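The same chain A turns up in both complexes below, where it pairs with chain B and then with chain C.
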Partner chain A sequence: MNLAATAGNPDWGLIAVLFVCIVTLIVGSLGLRLSRTTSDFYVAGRSVTAGWNASAIGGEYLSAASFLGVAGIVYSLGTEMLWLPVGYTIGYLVLLVLVAAPLRRSGAYTIPDFAEARLQSRPIRLVSSLLVVGIGWLYLLPQFQGAGLALATVTGAPPATGSLVVATVVLANVAAGGMRSITLVQAVQYWLKLAAIAIPAFVLLWLWLRQGQPLPTVSQPGGPFAGAGIGFQPREHPVYATYSTILALCFGTMGLPHVLVRFYTNPDGRAARRTTVIVVGLLGVFYLFPPIFGMLGRTYLPTLPDGTRSDSVVLLLPSAMSPGTLGDILSAVLAGGAFAAFLSTASGLTVSVAGVIDQDLLSGRLNRRSGGDLPRTHSFRLATLVAIAIPYAASWLTPSVSLADTVGMAFAVAASTFCPLLVLGVWWRRLSVTGALAGLAVGGISAIGASVATVVGIGGSTGRGWIGSLLAQPAALTVPLAFITAILVSLATPGSVPKNAARLLVRLHAPEEVTTGRHTDT
Partner chain B sequence: MSDPNDISEERAARYLEVQNSQEFAELRKKFRGFVFPMTGAFLAWYFLYVVLATYATDFMSQHVWGNITIGLILGLLQFVTTFAITMYYARWADRVFDPAAEKLAEHMERGNLQ
Partner chain C sequence: MPTLSLLQLIVALVVSVSLASVMVRLLRRRRFVSPVDRATYETLHTVSLATRSLRDGLTPEGASKATKHLRSMLGSSAVAITDTATTLAWDGVGAHHRADVRAQAEPVLTSGRTLVLTERDMTCSDPDCPIRSAIFAPIVADERVVATLAAFGRSTSAGLVRATEELARWISTQIELAELGRQRTRVMEAELRALRAQISPHFIYNCLAAIASFVRTDPDRARELLLEFADFTRYAFRRGGAYTTLRDELQNIERYLALEKARFGDRLRVQLTIAPEVLGVAVPFLAIQPLVENAVRHGIEGKVGDGFITISAADVGSHAEITIEDDGTGSDPDTIRAVLAGESARDSVGLGNVDARLRQAFGDEYGLVVETAPGAGTKVSFRVPKFAPGVTLGG
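What follows is the complex of A and B.
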């Protein structure tokens, strides 16, 4: 990443970033004191209220792509791109309506748990676990890169520094606190992030009104804004790219490792619904602000300095509008908010990925070697290290893909693998083990393959031509492909439909009170 | 966490009875009758916006007042509708679906499923 521009006063930016990191660590250790038992360590003791839970979901979900990427895209392509932030929230609606309640009734709290319970198959569990890890890593990668970008933009530090700071804080927090502290941290992060983007947005809007500068054409027909920096690919096949992205967002959210786990911490269906309503509201309010930076950026930053990514518009805008102390303070606040975004999303993902690595890949092996006397938390800590180290190492590769696009790939992979598994698993009795495995394999290999090809930049022409467009936004092809494969193979292998599928489906769809609640267990 | 495999024969029989009852069928019909049209309408409205933003750029960049364009207004309306629909669904589930499910549960307990 080559960064020519620096925003604001480096010292102020550094102070803001340090402040966010320290607050995160303090809140995390407070949470640690509250959690005593091992079960607390893993699922937050299920004692989280709807408001806290919703804040935590929002805090975890608003990532680098939301904080920096949305503004970058609106700056580059205009207000027509407002569908993107809307798309980021729609996934919750789809999740709520299609799978949330039945999944909670299944009693499983991760996707591998659900896959194993529904299909009675260890191989399915293992494949799901590997996919959780893959999707998590794909989503962690842009968080580390965004952190590098943000710290470099505000302080001029080399990009690797920001990634290292985020990786270290997340490692310390997750390894020490587990889920309970993370729930608290996440909830605080949401409000921190909202304040960090809303207050500067209001100040800048006020400045803009006072300075009497016009807004440039907010929507610009015929291509990207002239000043769009690198890291943003204008779409060559906009309709295909747009629909494919939307498909990935709608159906990918339910398959993200850090999203579903929060729904299990709701005590019942009503609370889960209330939580989702609050989540959609919180996300909607937040997403009103990044486009303001994108639009104002078009007036005040007609061109970005050479080698600057348009993702850094949010951080560069204050100094461009008000050089001096005010600009420095606002830049620092925004840098702190951006760091909050990296920390919270990376923490949530790390908890989920580490949980899966621990449970399915490490624990058994370690226990066999040590004779079973190794404390559970030790292997979780080792898993946390693995969960962070690999995407951190990968973040050293410098991609030519924007933050929002890399995150989009994680959504695409989730939509092509877990969405068919969850939706068919919840609604279709004849899903067979072989069919589910085939669906996961076809969807996973095609979507991951396309993402890797795009990130690595095959042929140096990422996103160019039809092939490039298909590889950059694979969901429109790979999601239907995965569904069709799972359905056809299931129909061809009725022998491998689990025997108790019918009973399990009744259990998933019967109202909670009937199957688990107060009426029957007397 | 309860183990989903732990379903005794007696319980299983009870689930099947519930699934076969007319009341349960009506409950599911109620769910589909509400959720499917609502989701369809919302997706249509959302996709319409995307099509307009891609093809009808001239229409979308028409100024309504000052720098406020049609595209900007429609974009902001997307936020509002997403939240409104989520609210609407949650209220419907609380007011219509949950009471119906509750009634079903009561009937099942007393053994007088309809």
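What follows is the complex of A and C.
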């Protein structure tokens, strides 16, 4: 498997990846200094503006799955997958309309915080924490795979080495306290990633125009371009799969562990809304580019070398279109961008997951064992190790599922668990503790079960027949199921509705000036 | 491919099982215990559960949670707690007796002595009812009988009477402790009110004198300073919740520092390093201003030459860390320890009060950390969680 020959000069790629790693580590270690804006006066003027915060959300959100996976899945499964980038963006629209401002007003920093504040129950906090960890791991898994893939494609190293390198970089970075919620750093990441994908895309489009706009040679009925849009390995029940995926993406975004954390930086609910609007715009711009790579890939790489995953089409395309220095440079830029995407998302997720493991699952127990002698950083570092080790181990155990599909599962689990909790929690006064727990349990077990079945490949016939489709795209079934369970059980157990629900909902929905009596005119 | 995936599955299983076993071993390292020890531990555990339910004193919810644990400790068929007005909780079989309990408890509430009711005193239409006798023990707080603890069963024994009495005495202690906690909260609220009203007369005098000195030479600055002074007092005297955002608190500190600068001029140098991410964190109202006031007092007033004060708020994950540092005279660590322990009321209500309010709001691990030595300046820091249950702005 000589991938190096097809993906540009390995030296260039290696330099780009090393560059990204070193810059990330340096920024991480300087992080604390960068995060402190020094000034003598005027605290009020120093709030994080909606634009910066939106860029930071985009920087943390755009992952290796966005950078490589979208192009790969459009390349292999055809134009119907164009819904995917739309879905990745539209989740923020749903977030905006349904929960953005109320969540900010709740004062919660994480989803378990919101669950505890809204329902006044420790068990529900614990269940939410476990789910955050699970979703985080499911989302981290494709990040490790994608990074291994990027490194393998540009340098020819085996994927396991690549994953190990990046797991180590993320571990070092997070344990050293870097990449925290430093808005500025994450915001710059977004613009770097946009540049790293947009510039090569424009250059390749220009090459394509100069070469006479060749269209994919596909012998399918219905015209040349229509044929090109059909997938290599078409899925069964494509209509169901598409709708189910869109549903998962629409409702899953609000439940991702590293998304809500960022909204805390907004000064108030109104700013949270403004930020979300800008995020939708920024993501929309970014997602214009990956499909271009997918379609150009159809033209210039009608078949991929054996043993190569379709996710690597972005990295292989430049050399295929323009062998030589230009191709090498573009490949290196794309590899660096993919690596940056991987590192920022993985760091953000790891911090969120490790934070939850540390705070809710580990810290109290360790303190009880050690009599509180252990420094707090120790337990956080231990949590970071756990947060990275598990998805890393899983990443080389499950090599066969595509990046966008695994990410899709993380979205499906988030949509089936946290979406009902958040939406009902924000909008429905009669949500009871028992109902919320039942909803989480039913949605969580069904969606996680389906994901595990797909990842492990039960029966070896995944993706075949209705069962396979349902297991691969469970959201269309599990999301309504979780909602209905939560609603019905809540109606049946009015006794466990928290007492202050009505008062809390007023606080979530009324503007801050009303509820806190704070004057903003000073 | 199937053999490979089977192999992978086995590896995954082995890895996760060994990881889990290591975790379990780390987390619960148990030693062999004798039955007596185990009984002791179990009783202590039940006691701790009951303690938690009684933390707020004798409320209906707390009492009904506690009775469950109390019944398992006494081993009786049913347990009830009655206060002076009504039966608060009943746990166990024979709930139809609940209606009579209040009346049966009356003599105990008036006399304060334990009462034993035998089969003759208890009437029951159900021949199979296990509630045949009862023990009523008084719960005494502040030398008043405030409630009774009743244990019901087929028969009574001297041991059960003794156990019920002891348990009632234990509940009495818990109620007194809860009352103590409530009083502490009230004291703290009173202190906060005092803190609000207690902008020191010196500060007001110094401010006005400094402003007066600018009236002729720099009327614009004098006007600005007067407005700062007005805003500062409005904030300090405001009514509203016990919490505010770090943003509002820091804004007020800026006003305070502007006024102090008018007085000290270039002698006072201040550096604010604030991570903008943490400006929305909820902090107790007037939690930082007293610390800054202390820093100004120790950093400048007590010494010759310039004073340098650093105020920083950093983002450390799920927490914000706030630090106030001065390069002034410093103090003896033992003095500060005494202030924080509430043993000395020296010059600062500030330090002890802020420490107590932080602990009350967020828990004991969130108190003030003071690093100081004579001649070495003072550094006061504390952490605030970004989210804490029960801590909300306004309301």
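Going forward, the second predicted complex is superposed on the first by the 463 of 522 C-alpha atoms of A that agree within 3 Å, B and C clash if a C-alpha of one lies under 4 Å from a C-alpha of the other, contacts with A are read in each partner's own complex, and residues count from 1 in each chain.
The working rule: a residue touches a chain if its C-beta (ideal position, glycine included) is under 8 Å from a C-beta of that chain, and two chains touch if they have at least 3 such contacts.
Given the structure is predicted, the values throughout are model-derived calculations rather than measurements.
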Touched partner set for A:Arg507, first chain B, second chain C, both or neither: both
Touched partner set for A:Gln473, first chain B, second chain C, both or neither: neither
Partner chain in contact with A:Ala393 - chain B first, chain C second, else both or neither: second
Which superposed partner A:Gly107 touches (first chain B, second chain C, both, neither): both
Contacts of A:Gly355 with chain B and chain C, given as first, second, both or neither: second
Which of chain B and chain C A:Val277 touches, first, second, both or neither: first
Partner chain(s) touched by A:Ala117 [first = chain B, second = chain C, both, neither]: both
Partner chain in contact with A:Ile246 - chain B first, chain C second, else both or neither: first
Common ground on chain A, meaning residues reached by chain C in one complex and by chain B in the other: 107-109, 117, 120, 503, 507, 512, 515-517
Complex interface listing, chain A residues touching chain B: 78-83, 85-86, 89-90, 92-94, 96-97, 106-109, 117-118, 120, 214-215, 217-222, 238-239, 242-243, 246, 269-270, 273-274, 276-277, 280-281, 284, 287-288, 500, 502-504, 506-507, 509-517, 519-520
Chain C - residues contacting chain A, complex: 1-2, 5, 8-9, 11-12, 15, 19, 26-27, 29, 231, 240-241, 247-248, 250-251, 254, 258, 270-277, 279-280, 282, 312, 314-318, 386-387, 389, 391-395
Of chain B, residues touching chain A in the complex: 1-5, 7, 11-12, 14-16, 18-19, 24, 27-28, 35, 39, 42, 46-47, 49-51, 53-55, 57-58, 60-61, 67, 69, 71-72, 75-76, 78-79, 82-83, 85-87, 89-90, 93-94, 98, 101-102, 104-106, 108-109
Chain A - residues contacting chain C, complex: 32, 35-44, 46-48, 107-110, 113, 116-117, 120, 177, 180-183, 264-268, 351, 355, 359, 365, 369, 380, 390, 393-394, 397-398, 456-457, 460, 503, 507, 512, 515-518, 522
